[in-house]
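Both complexes below contain subunit A, partnered by subunit B and then by subunit C.
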Partner chain A sequence: MEKFFETIVAPGAVDFMLYIGVILLKVIVVVVIALLHVAFATYFERKVMARMQLRIGPREVGPFGLLQPFADGIKLFFKEDIIPANADKPIFYLAPIIFFASALTSLSVLPFFSGFVVADINIGLLFLLAMSSLGAYGIMMAGWASDSKFAFLGGLRSASQIISYEIAIGLSLVGVIIMAGSLNLSDIVIAQHNYPTGMFAIPQFLGFAVFLVAALAETNRLPFDLPEAESELVAGYFTEYSGFRFAMFFLGEYTGMLIMSSIATLCFLGGWTIPAFITNFLPFLSYVPGIVWFLAKVYFLMFCYYWVRSTFPRYRYDQLMAIGWKVLIPLALANIVLTGLVKSLSKGLQ
Partner chain B sequence: MKKEVFLKSISFIDLIKGLAFTLKTFLFTKPVTRRYPNKVKIYAQPGFRGLHALAKDEDGRMKCVGCGLCGAYCPSQCIHIYTTEGEDHKKVVDRYEVDVLRCIFCGFCVEACPFGAITLTEHYEYSAYKKEDFYMTKEKLLDNWDKYMSGEKGRRYFLDFWRPKSEDFTGYKGQAMFSKTKPKEKEQV
Partner chain C sequence: MEHIEDIEKPFRTQELTISMGPQHPATHGVLRLVLNLSGENVVKCTPYVGYLHRGIEKLGENRTYFSALPLSDRLDYIASMNNNVGYVNAVEKLFGIEVPERAKFIRTMVAEMGRISSHIVWLGTHILDIGATTPFLHSMAQRERLLDLFEILCGARLTVSYPRIGGVRNDVSQEFLDKLYEFVLEFPSNMDNYETLVTENRIWKHRTVGIGVISAEEAINWGLTGGTLRGSGVDYDVRKYAPYDAYDKVEFDIPVGKNGDCYDRYLVRVGELRQANRIIKQCIENLPAGPIMSDVPKLTLPPKDMVMKDMEHLIHQFILITKGPSVPEGEVYMGTEAPKGELGFYFVSDGTGKPYRMRVRAPSFVHASVLPRLCEGGLVADVIANIGTIDIVLGECDR
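Here is the complex of A and B:
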């Protein structure tokens, strides 16, 4: 059988097809699990915020309201798909696809546990940053094509916000890259495991803080959700979207949160590993699979998103820009200089 | 910039206080939600003006004679009465219909009725999906009497709060009232 294929197609065809098959399987597993996580992130958010506001949150659909995300999904799927009469139709159709696709593409380079990554490329971190800026195109196109003042203003705000905060995010990750000496996310995690503190969040506390704040702005979350400020812009750039297109923006946004949390986990909190001094102290913890640690850290960061959302009011737009340019970027630059100095000095000492 | 303000702004003490407060609420404070209608049943206050009902006498016959006073009083004109001449020139009420969606629950029909035939019950949970379900026909209204006004409780409610003219034209001592004219006696109910 194998010989037959090799002779009629090409030598090595079976190996190649197996390789493709394994990748496709991985893609399906990652996408399905990530979308399930996204679905339950909305449930988790509603529960957490409800408890912080002395409410209960969803509880009627299924046990403890666990089927609420599916009910919402079905509802969105069957809603009427309204397109404004003066909308720029091709761009209007394309915008949510770009947004959602760029969010999902980011999942391909994330190593969830040791050795499990769809595309183990050596510029993983750069790829993630590129994808998150590509998502901004979806937002801008949606705002422009909707032919609505709210969507347009939301799109403009989002564009300037994402561009400003991308710099802060990129710069805050430079410290990690210097310390790990690689852009590959798996290598970064392994470098952290070999580092005495076990995670880069401790030596890179400045970069970590800048990253966390900038990630809130990058994903358009409160207190930096100006592109979709309900009290000013109805819903911001997706005001005119309904039905499944709206769902794509919604899913893309929550996937973005998941990815930002994953980047923070991988680059600062040690990914699927736990610090060596903990496993030396409590050896049985090393038998826990890596995915558990990874997910625990990601869930914690997601919880922080909701925690911050239910605590802080929205910033004013000039305050947002001031924080980005006058605080976060100088801090990130200072972090790079410090990290570089320490690294080169310690190398000089050796 | 003052020293304290500067220290506050770089130490994020206010932000941390806010975060601590929400975390404290999340962990330790119980939700205040009352889970109506699954877990918590909220009963109507005494004298609540709920769904309409047509009264029956002891023999189970409809008290209404079809005089049409209720319909004449009704400010929103939601009572429709159709009568015909029956055997030996008796008036027969063919249809007695209340459009509940138009009703404003003023209770004038009950006060107007000389026979104590129409009343409002304490029942208020009657949401439905169709408009027709809110259009009360004679049969439905008579059913409502059996459902919500049967027994001693219904009788007391009817007498105490609706003071039907057929029973007592002037009221009696200890009569419950809606208005604030007798605030002290209200507590006896």
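Here is the complex of A and C:
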């Protein structure tokens, strides 16, 4: 059989097709698992926020309301797809697809545990940043195509917000890149494991803080959820969307949260590894599979998202911009300078 | 440095006109604001009211003084008890009758309950508008307890119609007093909880300090009253300046702000919540014994059990209900301190059982008129903060 293929197609075709097949399998696994996580992230959020607000949260659909996300999905799928009469239809159709696709594409470079990554490319971090910026196009196009002033304002706000905070996020990660010496996410995790503290969050505390704050803004979450400030702009850029198109924005947003939490985990919290000083102290912990640590860290960060959401009021638009440009970016720049100095000094000492 | 507005632009710009409302999550009812925006800046703000107009003033002219009382419930539907108290006080002033001491204390007590339930809704929604969701649900849980208490008191939760001309409808039960006292004792610690989340919060301060500033002089000229005026530093409170009911017999302070911005108005109302709690506590502790209705046969209905047994009482009841009370001719204005501000009832009587003219001085109407003054020159997000801070209810504004 093998011989047969090799003779009629090309030498090495079987290996190549196996390679493609494995990648496809990985893609399916990652997308399905990620979407399931997104579905349950909404459930998790509703439960956590309900507990903080003297409520119970979903509990009717399935045991403990666990099937609520699916019920919501089915409901949204069967809703009428309303398109405003004056909407710019092609752009209106395209916007949620761009938003959702760019969020899903980011998943391809995330290593969930040692060796498991769809595309182990050497510019993983840059790819992630590029994809999250692409999402801004979806938002802007949605705001523009809806032919609604509220959606338009929401889209404009979002565009300027994401562009501003993109810079802060990018700069805050430069420190990590300097320390790890690589843009590949797997290499960054391994570099952290070899570092004495086990995670970059400790030496890069400044970058970590900037990243966490900017990630809230990047994913449009409170206290920076201005593009969809419910009390001002009704629902922001997706005011005019309904049915499954709305669901795509919704899913894209939660995937975005998952991705931001994953980046924070991979770049600052050591990804699927735990610091060596802990395993030296409690050796049995090293038998726990890496995916458990990874998910535990991601979910802790997701919990922080919800925690912040149920605690803080919302910033005003100009204040948001001031924080981005006057606080976060200078802090991130200072972090780069510090990291660079320490790195070159330590090299000089050696 | 050249100012950004002075730079000549090679293109034409146009203001963006947005109609905010009448169906909008943050306009607290059916208020419609037409905003002219230049980017995020509000150039012009025009409030449109009247979407909830039900003709309450006109309806009042076609009903006897007794049967117009439930109309006042529908003014400020969040604090109907205070409207009732305002209404009956005005009618009593017209009739010139004195209310028994116990009824006065009960009225003061329930009016302050109404104030707490109104302010607590304001607190929750104002904070919700600015973006924090949790205090809203926590404060609503407290309001629920107050509504349950109203239910024990008179059977209704929102449109209570509990006070009567000459007193109150029924006496308070011991169960009600016990539960209310329990609420009063727990309330300060609950207030601490809300304040921990908000008062010293940096974001909250960023959003409210220096926003919607109005000076004391201007506030008076605009006719502002209540917490909206006191936030500017004027200690005008009808309960102190022209005490009605039992307000001259209880101790309370008037919280006053300084800068006249959203934050000071917030602090004033939070202070009022604590003071209202203090008044309720004193009312429960000093509640005198005695009758709950004044004995003025020409104006007050006879006791129900006597109506069923006695011919004269039956005729008396029938005449009062059908013809209305016999009233002296004249005009009367009576202002009371409702949670939103000074709620005034103005009656012109022509001697019949129905008012010739019933006019309501609604604080929400006056406060809605100051919105352009507060909003213009600010940002869109400040409009939301300003709507929240003036604490308007459109039922009262449109009447």
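Please note the rule applied: the second predicted complex is superposed on the first by the 350 of 350 C-alpha atoms of A that agree within 3 Å, B and C clash if a C-alpha of one lies under 4 Å from a C-alpha of the other, contacts with A are read in each partner's own complex, and residues count from 1 in each chain.
Keep in mind that, in the parts below, a residue touches a chain if its C-beta (ideal position, glycine included) is under 8 Å from a C-beta of that chain, and two chains touch if they have at least 3 such contacts.
Predicted model, so just to flag it, every value in this text is computed and none were measured.
Engineer: Answer with clash or fit: subunit B and subunit C placed together on subunit A by superposition.
Structural biologist: fit
Engineer: Under the stated touch criterion, which partner chain does A:Arg55 make contact with: subunit B (first), subunit C (second), both, or neither?
Structural biologist: both
Engineer: Quick one: classify A:Leu341 as touching subunit B (first), subunit C (second), both or neither.
Structural biologist: neither
Engineer: In the overlay, answer first, second, both or neither for which of subunit B and subunit C A:Asp225 touches.
Structural biologist: After superposition on chain A, A:Asp225 lies in contact with subunit C alone.
Engineer: Should A:Phe312 be classified as contacting the first partner (subunit B), the second (subunit C), both, or neither?
Structural biologist: both
Engineer: When both complexes are superposed, which of subunit B and subunit C contacts more residues belonging to subunit A?
Structural biologist: C
Engineer: Just subunit B (first), just subunit C (second), both, or neither: which does A:Phe150 touch?
Structural biologist: The second partner, subunit C, only.
Engineer: Where does A:Ile202 make contact in the superposed view: on subunit B (first), on subunit C (second), on both, or on neither?
Structural biologist: After superposition on chain A, A:Ile202 lies in contact with neither partner.
Engineer: Taking the superposed arrangement, what is the smallest distance in Å from a C-alpha atom of subunit B to one of subunit C?
Structural biologist: The answer for the closest subunit B-subunit C C-alpha pair is 5 Å.
Engineer: Do any residues of subunit A touch both subunit B and subunit C, and if so, which are they?
Structural biologist: 52-55, 310-312
Engineer: Write out the stretch or stretches of subunit A touching subunit B in their complex.
Structural biologist: Going through subunit A, the ones touching subunit B are 48, 50-56, 60, 307-308, 310-312.
Engineer: In their complex, what parts of subunit B are in touch with subunit A?
Structural biologist: 15, 18-19, 21-23, 25-26, 29-33, 35, 38
Engineer: In the complex of these two chains, what residues of subunit A are touching subunit C?
Structural biologist: Checking each residue of subunit A against subunit C gives 49, 52-55, 149-150, 153, 222-223, 225-226, 229-234, 309-319.
Engineer: Where on subunit C does subunit A make contact in their complex?
Structural biologist: Touching subunit A: residues 16-18, 24-26, 37, 40, 127-134, 137-138, 141, 197-198, 201, 203-204, 206-207, 379-384 of subunit C.
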